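Below you'll find a set of structures to go through.
The two complexes that follow have chain A in common; it is paired with chain B in the first and with chain C in the second.
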Partner chain A sequence: MEQIVFGIGITALTGALATIAGSAEDTESNIGSQGDPNSQVQLAPQMGFVHRIFNKAVAGEPPAYGLWCALGAGLAWAFMAMQVNAVLAIVLGCVLAVFVQGVYATTAYLGRTASLAKFGQPVYVDVLKSMTSVTMAHAFIAIFSTVTLCHLINGALGHPFPLPLLGLIWGIALGAAGSATGNPYYGKERQYQNQKFGAGVPISASGNIVRYAEAGERNSLDNGFFTHKIGGSASGVCFGLIVFLEIWRTILFEQISAGWGAIIVGILMILIFTVIDRYIEVWARKNYGPYTEAKVAS
Partner chain B sequence: MSAVAAKPQAGGAMNPAAMAVGVVMLIILVGIGYAISPGLGLTALIGIIIGGVLIGFGTHFVPVGGAPAAMGQAPGIATGVAMLAAGAGLAGLFGGAWAAEQGLVVATVTGGVGGGLLMAITCMMVNFVYVFGMGIPSASGKVAKDPITGDTQAEFKSQGTEGHGLPFISFVGGVIGGFLGGAGGTLIYVQLLELYEASLPAMMGLPPAQVVPIAVAAAGMFAVGLFLVNAVLTAYNITGTIEGPHDPKFKRWPRAIVASAVASAMCGLVAILIVVPM
Partner chain C sequence: MSVKVEVIEGGTPHNTILITGLLGTLVCLYLTYLNVLTNTEMFAFFGGLAAIIALIWGSHTIKVLCSYGIGTGVPSAGMIAFGSGVIAMLFATRFGILAPIVALVLAAVIGFILGYISNNILNMKIPAMVQALTEMAAVGALSLMGFAALITGGFTFEGLTTGTVSMLGMTISSNQISFIGGGLIAVAFLLGAIAIQHPFNATLGPGWKQDRMLMLTAECGFLSMIVAAVMSFALISAGSAILSLIIAIAGWAYTYNQYIDLSKRDAAAWLDAKPIPDTEGH
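This part shows the complex of A and B:
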């Protein structure tokens, strides 16, 4: 019984850490402009819209976070093997991983922006100086939370995979959840605030991203502030639910019917999310209504 | 034929000669596996091939919209095919590895459910953000009616877009894709783990208990690597984006099956050769 209570406590902690990680990951990727919406940041100068948005699509978010979390976890693992205290080892490992992230961010911004020179896009050194440290700070929160939850899974819950492998797996899952949930909010709702609310961006408007703020030119910090409220929170909830429910069903129900208990609970949870998704879809169709009459739609 | 003259092939255009070459290569690779290790090694190789095929097939179900989806210009999840499939499949592998002691069937199904659960949560949250964050209903650009619910799609497409969000068929496709990917990854892991746990003690001259961490780490790394090989290979077959099982591109799956089987056999042979003395 004590073991189960202990497991539930650790599960709750990993869920909370995952929620923080998901939120920080999405905000980092929006401030740094990483992931699919960055296609518009790269496209804008080619369409004549010079801007001051950060531009660092190092890679897709899942492999990028897979690398950084595996690096942080691997280094923390090495420090722990050298008898360094676990907390200090994780912090040191994550700091070193964040430096790698900072190097990638810097070279990506300089390389990507320099490639747009023929379209008149300048490399803004002040943008590089002010944004890179902010993306690094958010990346540290995301990587630290992920590596810590991996350490808890490995050390306290006894998962067989070594820490670096868990870092790679949950880093990729973190990037997948964060980019899937958060990207549309940054890509459509923030970059194209000048388009109609409640509709997708017409393909003809591609590249015409919003470049001006209330005062002066818009920068990526404004984007992080805006998207964190819904996109970041939703990404956090998404990754938090994934980690929490995956571990929760294993801890509580794995011993029932030789493993089939966890499977049945997992299937039930999938069915519950299916019902919720269908409810959301139907709710939108009823409340927002069609854009055109069904007869004339093409 | 020049690139300009080549016609885009959205459906299931197959090249029988290439498929035949693939099948021959597969038979040769399995034959090599039989020659070097007719017992446990061959069983592991066949398990790896089945796992790889499951991953390759499952990736076709995952609704991925790429960059256009991030602007609400196309349906699907706004990220890359290989990345999302890897995220789901590896989360499944995490669960499956935990259940490895419960036997092959339980571990494989646990892995599948783990992958399906990740996709269910992610797809639900994608629709949540589209509907409550951006005020956009779901609409498919590839079919007039949702094949499962029968909901009409065209009038819910906003002007100048190919659709947006995740219609119900895409949600179901995502869950099936996550399930197959997680099950395939776990199957590969369990097969390699059994092989390594049986082979490494004699090879390294250590008691079985001491080689377990090495076996787990090596099997896990190969499973992750094989997952990425098959997911990326399938991403090339899909060429960018796919809405799910209702998308015409879905018909391309047979050639991905053959390619995944050959690639998995090749990589699986390498994974087996590290513990089989020649």
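This part shows the complex of A and C:
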């Protein structure tokens, strides 16, 4: 019984850490225009819309975060193997991983922008300086939370995988959660505030992203500020739930019929979520979609 | 505004890069064998150099492949390179001194089969596919082996799966503290997979230049070598790890500066805190 109570406590802690990580990850990737919204930022100058948005295309979010978290975890593992205290080891590992992330971000912005010289897109050094440091700060929060939760899973719950491998798995999961949950809010709504709500991105509007802000010209800090409110929180809840429910079902039901209990509960949870998702989708279409109105108009 | 998008020509031909990359990687990998001959770990840094040379070759292969619309993003090419390469690399470590050659041959066979499946069974019909996947599997296997040699000082299976842990003054041999047992191979996998795809992914576009991309690959390689050298402190002697770290930092600083200069050369303008310039029609 004590074992289970201890496990539930660790589960709650990892869930909280994952929520922070998801929120920071989505904000970081939105400030860097990483993931699928990147295509429009990349396309805009080619359609004649020169902008001051940060364009940090390192890779899709899942592989990029797979690297940052695996790297943070691998370095933390190496420091711990050198008998460094675990807290210090994780902090040092994450600092070095964030250094790598920052360097990749600068080279991505310089490379993409220099290759768009034909369309007159200049390199903005102030954008590079101010955005890179902000993405690095958010990335540090995301990586540190993820590596810490991996260390808890490994050390406190006794997961057999070594820390770097857990970092890889949960890093990819983190990137996938942020990419799937947070990106539509930035890519479809924030970039296209000048289009009809819920209309998607018509071909004729491709590349015509919003470039001017409430005051002056929009930069990616405005985007991070805006998307953090809903997109970031939703990503945080998404990744937090993934981590929490995954460990919760393992802790509670692993003892039932040699591990099959946890698997059956996992399948049941997928079915329940499928029903909930379908219900929300139909409800949202009925209430917000332009789908029925178009029929009435014709 | 008249826009002419064309395939960029000129620069070093791909076959030259292929042959130089292949020979350079193999020579550097074999130079790490000096560790065994001299019974030190001072030559581990040659593993990092082998990985960098292989990455330069591989990133140019990705450029050749991704010039065709392959229907997926550029990062997927890096993943398949290391995904197919890791099988060959792990198997080859059983062959002692022959490991780099076995890894090369086996990876080429795996890559060829994958290329054949993509082109003929999945009907992708991309002319460069078979050769590119063959090359990339070899690059993946050899650069993973390079990272392994950099972190552990060797490329044999025993060296990669056993390490020592010192407890209360005693030294105990352990499988947990090792390149494979500790999961560092996962870190090396992603370090390489991102470093091989990033250069083309970051410099693609109508203004792509070969020298800028290859300089970026070298920069990514040295950056990966810095963190791999830090990890190697856990598995090899401090002196050897410091040597690798110094070489990595010096190489990274040089290539990063060069890359910024090349970007300055190619950019339309280099502005600091300036508004969006006026363009025709908007």
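Please note the rule applied: the second predicted complex is superposed on the first by the 287 of 298 C-alpha atoms of A that agree within 3 Å, B and C clash if a C-alpha of one lies under 4 Å from a C-alpha of the other, contacts with A are read in each partner's own complex, and residues count from 1 in each chain.
Just so we're on the same page, a residue touches a chain if its C-beta (ideal position, glycine included) is under 8 Å from a C-beta of that chain, and two chains touch if they have at least 3 such contacts.
These figures come from a predicted structure and were not determined experimentally.
After overlaying the two complexes on the shared chain, residue contacts for A:162 are found with chain B and with chain C alike. Once chain A of one complex is fitted onto chain A of the other, the partner contacts of A:85 are absent, as it touches neither chain B nor chain C.
Of the two partner chains placed by superposition, only chain B is touched by A:231; chain C is not. Residue contacts after overlaying the shared chain place A:193 against neither chain B nor chain C. In the superposed pair of complexes, A:117 makes contact with chain C only, with no contact to chain B. In the superposed model, A:133 lies in contact with neither chain B nor chain C. Touched residues of chain A, counted separately for chain B and chain C, are more numerous for B.
Under the contact criterion defined above, the residues of chain A that touch both chain B in one complex and chain C in the other are 60, 63, 161-162, 165-166, 168.
Residue ranges of chain A in contact with chain B, taken from their complex: 35-37, 39-40, 60-63, 159-162, 165-166, 168-170, 172-173, 175-177, 179-189, 191-192, 197-206, 230-231, 234-235, 237-238, 241-242, 245-246, 250, 254, 258-260, 262-263, 266-267, 269-270, 273-274, 276-278, 280-281, 283-285, 288, 290-294, 297-298. Within the complex formed with chain C, the chain A residues making contact are 42, 46, 48-52, 57-60, 63-64, 66-67, 70-71, 73-75, 77-79, 81-83, 96-97, 100, 103-104, 107-108, 110-126, 161-168, 211, 217.
Residues 1, 3, 73, 75, 78-79, 165-166, 176-177, 181-184, 186-187, 189-191, 193-194, 197-199, 201-209, 212-213, 216, 219-220, 223-224, 227, 230-235, 256, 259-260, 262-264, 266-277, 279-282 of chain C touch chain A in their complex.
Interface residues of chain B, counted against chain A in their complex, comprise 66-73, 77-80, 83-84, 86-88, 90-91, 93-95, 97-100, 102-103, 106-107, 109-110, 113-114, 116-118, 120-138, 149, 151-152, 154-168, 171-172, 175, 212-213, 216-217, 220-221, 224.
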